[in-house]
Structures are given as structure tokens and as C-alpha cells.
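Take a look at the structures below.
Both complexes shown next keep chain A, but they swap its partner, so chain B is in the first and chain C is in the second.
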Partner chain A sequence: MSARTAGRARPLRALFRKELQVLFGSPVAYMTLTFVGLVTALLFFDHLRVYNQVLFVYTSNAMRGFEAGTIPDHVNLRDQVFVPLMETLAITLIGIVPLVTMRVFAEERSRGTDELLLTSRLSPNDIVFAKFTATYLFVAVLLAVSFVYPATSVVRAGLGLEHLGAVYLGLLAVAVGIASIGLACSAFTGSQLIAAISAYAIAFVMYDFGWASPFVGPDLGEVLARLSFHARFSTFSEGLVVPADAIYFLGVAAVCIAITRGSLDFVRVR
Partner chain B sequence: MRELALSGAIAIGFALVSYYATRGPSGGELGWYGWANLVYGVAALVIAAAFASRRARGFGSPAARRVLLPRLLWIIAVVVVAVGLENLAVRFGGRLDWTTDARFELSPATLAACDALPGPARVAHFAEGNDPRSRRTRYLLQTFEGLGCFEVRERDVDSAHEELDWYGVTTPDSVVVELGDYFELVERATEGSLLEALLRLSGNPEKTLYVAIGEGEGDLRDSGPNGYSGLREALAGEGYVLKSLVTLAAREVPDDADALLVIAPQRPLHADAQASIQRYVERGGRLVALLEPGLDSGLAPLLAEFGIDVSPGLVVDGRFADLEGTARGTGLLVSAYANHAITQGLKARHMSFFPGVRSVLAARKPQPEDRLGPVVFSSREAWESTDIEPARRGIEPRRNDEPLSRFSIAAAGQYPRGSAEGRLVVFGDAEFASNRWLRALYNVDLILNSIHWAAERETAITLRPKVLTPDHAPLPPQTTLQMLYGVGLMVPEFLLIAGAIVWVRRRSG
Partner chain C sequence: MTQAATETNPAQGAAVLAEGLSRRFGEHQALDSLSLSIEPGESFGLLGANGAGKTTFIRLVTGYLLPTAGTVTVDGFSPVTQADEVHARLGFAAETARLYPELRVEGFLRFAGEIRGLGGDALDAAVARALERFELASASRRIVGHLSKGYQQRVSLAQAFLHEPPLLIVDEPTSGLDPLHQEVVRDVLREARGGQTVILCTHDLDEARRLTERVAVLHRGRLVALGATADVLDGADLERLFHPAPGEERAEVS
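The block that comes next holds the complex of A and B.
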């Protein structure tokens, strides 16, 4: 490692550590983690209860589902409980992730510490890199917390680990996409509220362009469908890992990183 | 203006909330509330943007342009590269199937059927918006399309009324496969059902299979778990015309028989019937016999004439527990296959299940030019028991001092006689092909490939699509509650406690 690289690596590590400390040292972060974990657990338990009731009806004396083999294929833990829950969780991320990302840049700006940071030994690229990486790490922990209970149950019920892996990868990709949007929004304002609301608005729009189908023709509709987070996530939730979908989410992240980096120049000019 | 922009963004957000709230299988609805919010939101954002652009004039200075323009070009370049890479990935296709049952990987049978098509079949998928079942079907059809097997067009059930009437589609998520002037309607699209439709449309050359009846044999019309209606459907799907042969009444096996199938006779076949079957094989006929342990079919002497010895005992492998209701050790999971045309493609990872099987040994060649051999083996840790009746009642057979060894449980032979060649395939079990077990593991492949080989349709030998029946089993309430307490609630609780500690420390620190 050259002296110059080493000279930059230390403050970069320090900034990364500081970002993690801020994220994990804030009660809001724990509240967010608790909220996601609790909501997922309760929703999962409720789905499970309803599924068991449906199964009870099919296996009751009148229908004798197990004996007669008349339980429809779609009445199973994967299709009735796990996949719907994961789709709900993907939407829930829109409500949660902007709460995590809103302060990352906006707080620095409102306190005036962004200029201090820009004059440090760190380049703007380093600052963007450290903040994005720390946020992505927090988002991964957030998902792990929400995933552990449904995954434990569903593995016990026979859903393969690879399929679970695909679903988790999809959720992570969606979360990274939303987090990137949230961070880009946070970089343009000093108000955490504006950062959060604009992130909500953009993430909501991006999640599913189905709402736009009444206004656009089938061709544009197809283009918009390719831009939808939901359409991309649904392949993962079916157990398919498509490189194009992974590249799409990475592309969203890259564009947001580029925009965020641009915002630092924008501030300088202003 | 910020307030206006903010209220506009909130209004658009709530328009979308109303859309997502009403989102069903065929999409959501904007409704008057959603529309009003959308119109207001867009107008507010446009006005705010117009005012903001007036403020942005300061950015037009040469110094600002020098900084911002390269950055803008950089952002555009990132967008272009991202879009390019995504397009490239779409063009090259490729995807990883991480489903438990590998449901998006096509079986050799489907690949062969696709290869045999003169051109891609036209396929219409009648789908309903975001219905998860339609989504799954779409991915499956894309797999076929990727191989050049199908040309798929998506149709919305809410708008394609004429086509729905024309094809007789009554349920969403139906698929119509068209080849030439004919079409097949598939209501529950799986790889198997699409393959069957393709085979029906491409018109398999037919063979005639006679099925022996009259001595209590397995019933191909019986759709119960012990019946063989599944085998009948599978055979019909693979191009066999099935005819019954009353062995007691028939003096000879008819000449138009491409093969004769005998499934577990409960009583010994009459001596005349045995003689007619022997004459049939000697003049180049083909016999597939599925013999249940503990039942005397009367075929043993006949098979011995052709060098195949059928043991009266039951093959037991103590490594297997009481699988699927069988007595301990008598339900055999088998994965050792001989190198034979019948077992083409079957490897050690392709298991078959025999719920009670006797050994069948290719013992000797009646004539030097005959070719005999085993087809399927038990493991090397098996032994033979004569406690067949207790085993039927679920009692584990007792092992004496016989050494453990490997048993052949199916055998096949070819008997050239003049210009004709007789063929024999004998299994030491019939139940493995019953409705209850036919679709288990690779059972259907073993029995169908045996019949194909006997009827000299080696090109049809393949491995068929597998359907993993989803697990319907409920999680017991006690387990569910334990997991809710142990994982579902405890993890958030610990996190909240950690958050509270952080909060208190920050306040006091």
C-alpha cells in the first residue's frame, strides 16, 4: 500500500466507523430494527394462523383432504405464507428505509459539518463511498432481523435454503435500491423531513409502475414495467436469480451514487 | 415554493398509496381520490419546478458550468453504462434456478420434444395482472421460449374476450399451445402438462400395448391409490393404444401386439395362457411383467425358460426405516442401475422407490446369442426374507444369519429367434407403478422406459419432468407458538432493550 493510499485509508475507515456508530448508536435505528422485526413476526404469525385454518378446512372430516389428495397445490406454506409475506415486506421497506437514510447527508448539511468533511483529507468520492457502504450494511442487518423468524419456520416446513437465499437476495436488492434513492435525496437537502418524503415519493413511484398503465401505451408500459422494483423482485421471490435483475438494482445504486457525488459539487457551486 | 413542492410530492405519494391499497391480482385502482391527488401533485411539482428553474439561473455562470457539466456528463455516462449492461444481460439471458424442485429447468424429455418440433409452437398465455400463478407460468413459458420451443404472446383475460371464446378458456392463467392447425388448452401449466400438450400436438407414432386381465391383475381403470389409471394415462400420453387381453380366453397373443403387459396377477395364469405367452415371446413378442412378492403369478417357470429366475422372498434393506407405511426395511429406495438402454440417463442421484420387492435374477442364457442382464439393484446391504405376510402387516422381517449382499430386482433379456427378437422385462414389484407410487421419484421413468425398450421405441426413452408436490403439512400450533416466542418476539424485544439502553446512556452522557 502506498503512503498516499494509506494516508487516505485511515480517515476513510474512521468515517465508515463513525457512520456505523451513528447508525447503531441511535435509538431510532433500534426502533426501526424492532419495528421491522416485530411487524414481520406478527404478520407471519397471522398468515400462518390463516393458513392453518384453511388447511384445517381441507382436512376436516367433510373434505378429507390428505386422504383424498384434494388439497390444492397452491395451499402450501411457501405460496400461502412465505412469498406473500416477503412481498409485503418489500413494500414495508419503502416506509422504513428512508427513515434510516434521511439523516445521512442532510444532518451534515444542516449542522454545517459537510463543509468540514469536504475540506478533510477525504475526497468527495471517499465520503460518498463510506456513507453508502455503512447504510447498505445497516440495511442488510435490518433484513436479517426481519428474515430470521419466517426463514426458520419455513425451512422447518421444507422450503429449500436456495429458494430462501434467492428471496433474501431479492429483498436485499430492493432495500439497496430504496436506500440508494434515500441517500441521493438526503444529499440534496438539509432537511431530514424533505429527504424522507422525497425518498418515499420516488420509491413509491419506482416500486410498481402499474399505476401508470392507464396513461401509457403497451410499449411504454413494457419499458416502465422493466423499471419497476416489484417486477424485478418477483423473479427473486419465485426462486430465480436473473443477472439482468441484479444488474438493474446495481445500476440504480450506481446512478444514485453518481447523483449523490454530483450533489457535493452542486453544493460547492451554490 | 418548497412548501408547494412538498405538498405535491405528498399528494402523489397518497395517490400511489390509494393504488397500492386496492392492488389485487389484476392491479390496483386510482379512483377519484387517487386521480385528484395525482393531478394536484403533478401540477404543484411543475409550478414549483418552474419557480426553481428561475432560481437556478445562477448556475449558468462559466465557473459553475466548468464544475457541473462534467459531473452531469458523468451521471449520464453511468446511466448509459447501467442501461447497456442490463440490456446485455437481458440479451444473453441466463438465470439461476434456486427453487427446491428446479421447476424452471426442463427435463430431457421436454428438451427432446422441443428438438423434434418443426418450428416454435405458438403459445398464448391468458393472464390476470399480478396474479402470482400467472407470474410463475410466465417464467416457465420464458424458459421454453429461450430454447426456441415456443413463441409466447401474453393476453389479458379482461380484454381478450374473442380469443377466450375461440379457445374455450374459462380460467385465468390458462395456456393455449398451437401447432399447425391444432391447439391444446392447458389450464394448469406445469412443465409436464405443457410437454403432454406438445406430444399430443406433434402426434406420436402409436404402438399397441396389450394388458393381461382375468386373473386379478392390476386395474388400469382404477383411479384409487392401488389402481393403475396413472400408468394408463402416462402410456396414452406417450403414444400407446391400450387393449385388454383376457388370458383365459385368448388362445394366442394377437399379432398386432407391440408388447404385452402383465401387472401382478393375483392367481396363477392358466397353463394355456402361459403357453401362449411363451409362444408369443419365441416368435419375437415382447413381455413386460410386474410381479408382486408373495403372489404366485404362474409365470416363474415360463421366465425360467428364458433364463430369468424370480425369487419368492422379499428383499429387505435394514437401512431404511418404515418408509411410507411399509414395514421397516421393506420399502427400498433404489439408486443402483445397470448399464442398460432402459436406465439411460438414470444416475446414482436418481432414486426410485419400491414398496416391497422380490429379487429377479438374469441367471443364464437359454441360447448363446441371447442377451440377458440386470436392470436395477438393491444396495449391497440387503438380504432376503420369507416373512412376506407379517411384512404386509407392517411387522419388520427378522434377519437370520444370511450375509448381506446386492440383489437384482429387475432384469431384461433379448432372445433372437430367426428374423425376430423377443424381449422380456421383469420387475420384482408391481406397486411401484401404482397410482400411489408412479409419480414418486423416478418410478414413472423406469416403467415407461422399460415398456418403450420392450416395444422397440428406444428413441422415446428419457427422463420426464418431475413435479414436487408442495408440502401441505401444517406447522403444529405448539411449534408455531414456540417459534413466535423464541425467535419472532425475542429478537425484537432484545433490540428494543438495546435501543432503550442506548437512549438512556445518550441522555445521561
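The block that comes next holds the complex of A and C.
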């Protein structure tokens, strides 16, 4: 490591550590972590309740028209509980992640501490890197909180660890995508409210472009549908890791990082 | 002083050199063709009423803003193209304290030291020195956001002095401080004389007289007076710049 690189590492580490300290030290962090835990539990038990009711109907003596003990293939823990739980959790992330990202850059700007950072040994690239990686780490912890109930599906439903891993990789990709959008929105304003609302709006639109099909025709509609978070996540939720889908989410993150980096230059010339 | 800060640019002369420096915000000309030179080790005052262009000039020196015309250098380095070299030489305390209210005083100072490249024993020593110098030792474990405005102002000043930069820029350093701590800050600024270049932004003429050797007076973004502090303050009708009569436009200094 060159002296210059070594010289840059310390400020970068300090900012990364400070970001984690602020993220994990804020009440919003613990509210979101608690919320994710609660929502996952509620969704899990709700899907489980419905599954049990369906199972009861199929297995009860009242089903006299069917052969005793016959249960359709799709009535299983994987399709009735695990997959819908993960799909709903992905949508829930849109509601939660912007609450975490809204303050990251906007608060620096409203407090004037961006000036402190931008006149230190940190380069704008360092600032963007430290803030994005710290936020990604936080959303990873956020997902870890939701892990316990889906994990029981692995034990009870015979779902493979590979499937669970693929779904969580997909959820992480969605969370990183939403976090990146939220951070880019936060970088253009000093208002956390505006940052959160704009992140919600963009994330909801990006999550499913299916609404656009009637307006743009079937061909373009198909293309837009392939650009949706939901379409890309659905392959993960099926237990498949398709490199193109992972690259798509990395691409969203890269575009947002570039936009955020540009916003720091915009501050200097505005 | 950091290692990078001890390296000098062969082209170095003035600590800060501005040539035709201008900055426009939309239709508003915040700074208009400012040219001045601040020598190494000099205590330099930047005077002017609110909106005169002092903060814009400082932000151009620190590289926080880019000029629309002209150039500025710090020890021969450009804040635009050699920001890392400039920031290695710079300590800056804004008029409104730029702090993280959720951190403790010592934690904030450690963070401020680390983002200026300090670490290990040097960081420990710098933080201890800053706490003592600005009489913050008793508050070192307190949360910054729970401190009074005066304490916060001292924490902000302490972070600027922490790495003993060759160039110190302090904007209204004594505003919000009680008389006792105003004197503490003035003592620190007096100690810096000779060893460090100090740019003091103020509209307190008495403070400028006590702490600076030369001053520049800005008015509506233009340099209207430059020279030895006593000459400028005694020879010009500065009162008309700072306190115009009702209905009167702020006057030019002769």
C-alpha cells in the first residue's frame, strides 16, 4: 500500500465507523429493525394461518368429492408460505429502507457538516464509498432480523439451504437497489422529508413497471417489465441465481452511486 | 502538522493568493474580481458586513465552492485541482458550528482528527491538547448536542486547531462565547501568530484590531480596502459600511 493510499485509508475508516455509529445509534434504526421483525412475524403467521386453512379444507372429511388424502401440488409450505412471505417482504423494504437512507446525505447538508467533510482529507469518492457501504451493511442487518421465520421453512418444509440463500441474496439485492435510490435522493436535498418521499416514489415505480404496459404497448411494456425490481427478484424467490439479475441490481446501485457523486460536485458549482 | 502539509510546492510564495477571483450565484455576484495575497505566518482579517462576500471567499479558498472566474491558491496549490494538498494544510471553523450532535465531544474531536489524517499517539496527543487549550476537558464525555452554544463553538474551534494546520480560517470565532472564553480563543489565535497563517473573518472591528496585522475590507463582493490593520481601521469610514444611516445605501470606503 502506498503512503498516499495509507493516508487516505484512515479518514475513510473514520467516516465509515462514524456512519455506523450514527446509523445504529439512532432511534429510527431500532424502530426499523423492530418493525422488520414484527412485520416478518405477522406475515409469516398470517401466511401460515391461510396455509393451514387451505390444508384443512383439502384434508377434511367435508371434501367428499375428492379422493381422500389428495392434496394439490401447489399446496405446500414453500408455495403457500415461504415464497409469498419473501415477495411481501421485498415490498415491505420499499416502506422501510428510505427511512434509513433519508438522513444520510440530507442531514449533512442541513447541518452544514458536508463542509466539514469536503474540506478534510476525504475525497468526494471516499465520502460516497463510506456512506454507501455503511448503509448497505445496515440493510444487511435489517434482513438478518427477518431471517428466523423463513429459516424455519427450511427446517419444516424441506426447503434447501440453497433456495433460502438465493432468496436472501435476492432480498439483499432489492434492499441494496432501494437503499441506493434512497441515498441518491438524499444527496440532492437538505430535507429528509423530501429525500424520503422522492425515494418512495422512485422505488415504487421501479418495483413494478407492469402498470406502464397499457400505455406503452406490449413490446415496450415487456421491456419495462424486465426492468422491474419485482421481475428480477422473482427468479431469486424461485431459488435461482441468474447472473443477469444480480448484474441488474448492481447496475442500479452503480447508477445511483454515480448520481450521488455528481451531486457533491453540483454543490461546488451551484 | 501532517506529513503532507510539510511538503511545499516549489512555486510557493504566498500562503493564500487570489487573482481576479469571482463567484456568481445566478444573477448575484457574490465576489467580484478579488485579488489579494496573504503571507505565510500572517494574521489576516477579512472584514465586511453580512453579504459582503467573506464566506464566499473562504469557501473558494477551502475548495468547497468553485470560482466562476479567476484563481486562488493555498501554498501554491489549487483547491480546484489539488484539493488533497490544500485540505492537508487547512483548518477551518465556520461561524455556525458544524458538528455531529449525537457524538461525544472527545469522540467528535477524534473523528475530526482522523479525517485530517491523524492517528495513534499523534491523535491522542492532539485531542488532549485541544481539550485543554479550549477548556473542554470537563465536557469531553458530554454529548455535543447537549452542550450550550458557547461550548459548541469551542468544540468547533478545537477541531480546526487539532492538526495544527499551516493555514487556519476562523469565521466569527468569538460569537456566542462569554467574555472569559472570548479571551481564551483570542489567546489561542495570538499564540498561532507567526507559526500559522490565520484568516480571521469578522465584523467586530475591535477584534480585528487586536488580532490581525493586515485586513481586507469587502463590500458587495468587491475589495474596498486592503492594508495594515491600524491604517485601514483608522483611515476609512468603515462605520458607514457596517452601520449605514436609515434609508442610506452602504457606502464605499475611500
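Observations, loosely collected:
By our rule, the second predicted complex is superposed on the first by the 260 of 270 C-alpha atoms of A that agree within 3 Å, B and C clash if a C-alpha of one lies under 4 Å from a C-alpha of the other, contacts with A are read in each partner's own complex, and residues count from 1 in each chain.
What we mean here is this: a contact is a pair of C-beta atoms (placed from the backbone, for glycine too) under 8 Å apart; a residue touches a chain by one contact, two chains touch by 3 or more.
All figures in this text were calculated on a predicted structure; none of them were measured in a lab.
More residues of chain A are in touch with B than with the other of chain B and chain C. Once the two complexes are laid over each other on the shared chain, residue contacts for A:Gly25 go to chain B and to chain C alike.
When the shared chain is aligned, chain B and chain C each come close enough to touch A:Arg268. Judged by the touch definition given at the top, the superposed model places A:Ile194 against chain B, while chain C stays out of reach. Once chain A of one complex is fitted onto chain A of the other, the partner contacts of A:Gly210 are limited to chain B, with no touch recorded for chain C.
In the superposed model, A:Leu43 makes contact with neither chain B nor chain C.
Residue contacts after overlaying the shared chain place A:Val255 against chain B, while chain C stays out of touching range. Contact with chain C, but none with chain B, is seen for A:Leu15 once the two complexes are overlaid on the shared chain. Legend: residue contacts after superposition of the two complexes on their common chain; A:Leu122 is shown touching chain C, with no touch to chain B. Contacts of A:Tyr149 after superposition on the shared chain: chain B is touched, whereas chain C is not.
25-26, 268-270 are the residues of chain A that lie in the contact sets of both chain B and chain C, per the superposition on chain A. Only residues 3-4, 25, 59, 62-66, 83-84, 87-88, 90, 92, 94, 96, 98-103, 111-112, 114-119, 159 of chain C touch chain A when the two sit together in their complex. Touching chain B in their complex are the following residues of chain A: 25-27, 29-31, 33-35, 37-38, 40-42, 44-45, 48-49, 51-52, 55-56, 58, 65-66, 71, 73-79, 83, 91, 145, 148-149, 152-153, 156-160, 162-163, 165-166, 194, 197-198, 200-201, 204-205, 207-208, 210-211, 213-214, 234-235, 238-244, 247-248, 250-252, 254-255, 257-259, 261-262, 265-266, 268-270. Of all residues in chain A, those touching chain C in their complex are 7, 10-11, 13-15, 18, 21-22, 25-26, 111-113, 115-123, 267-270.
Within the complex, the chain B residues that touch chain A are 2, 6, 9-10, 12-13, 15-17, 19-20, 23, 27-28, 30, 34, 58-59, 63-64, 67-68, 71-72, 74-75, 78-79, 81-83, 85-86, 89-90, 92, 94-100, 103-104, 129-130, 132-133, 135-136, 139, 469-475, 477, 479-480, 483-484, 487-489, 491-493, 495-496, 498-500, 502-503, 506.
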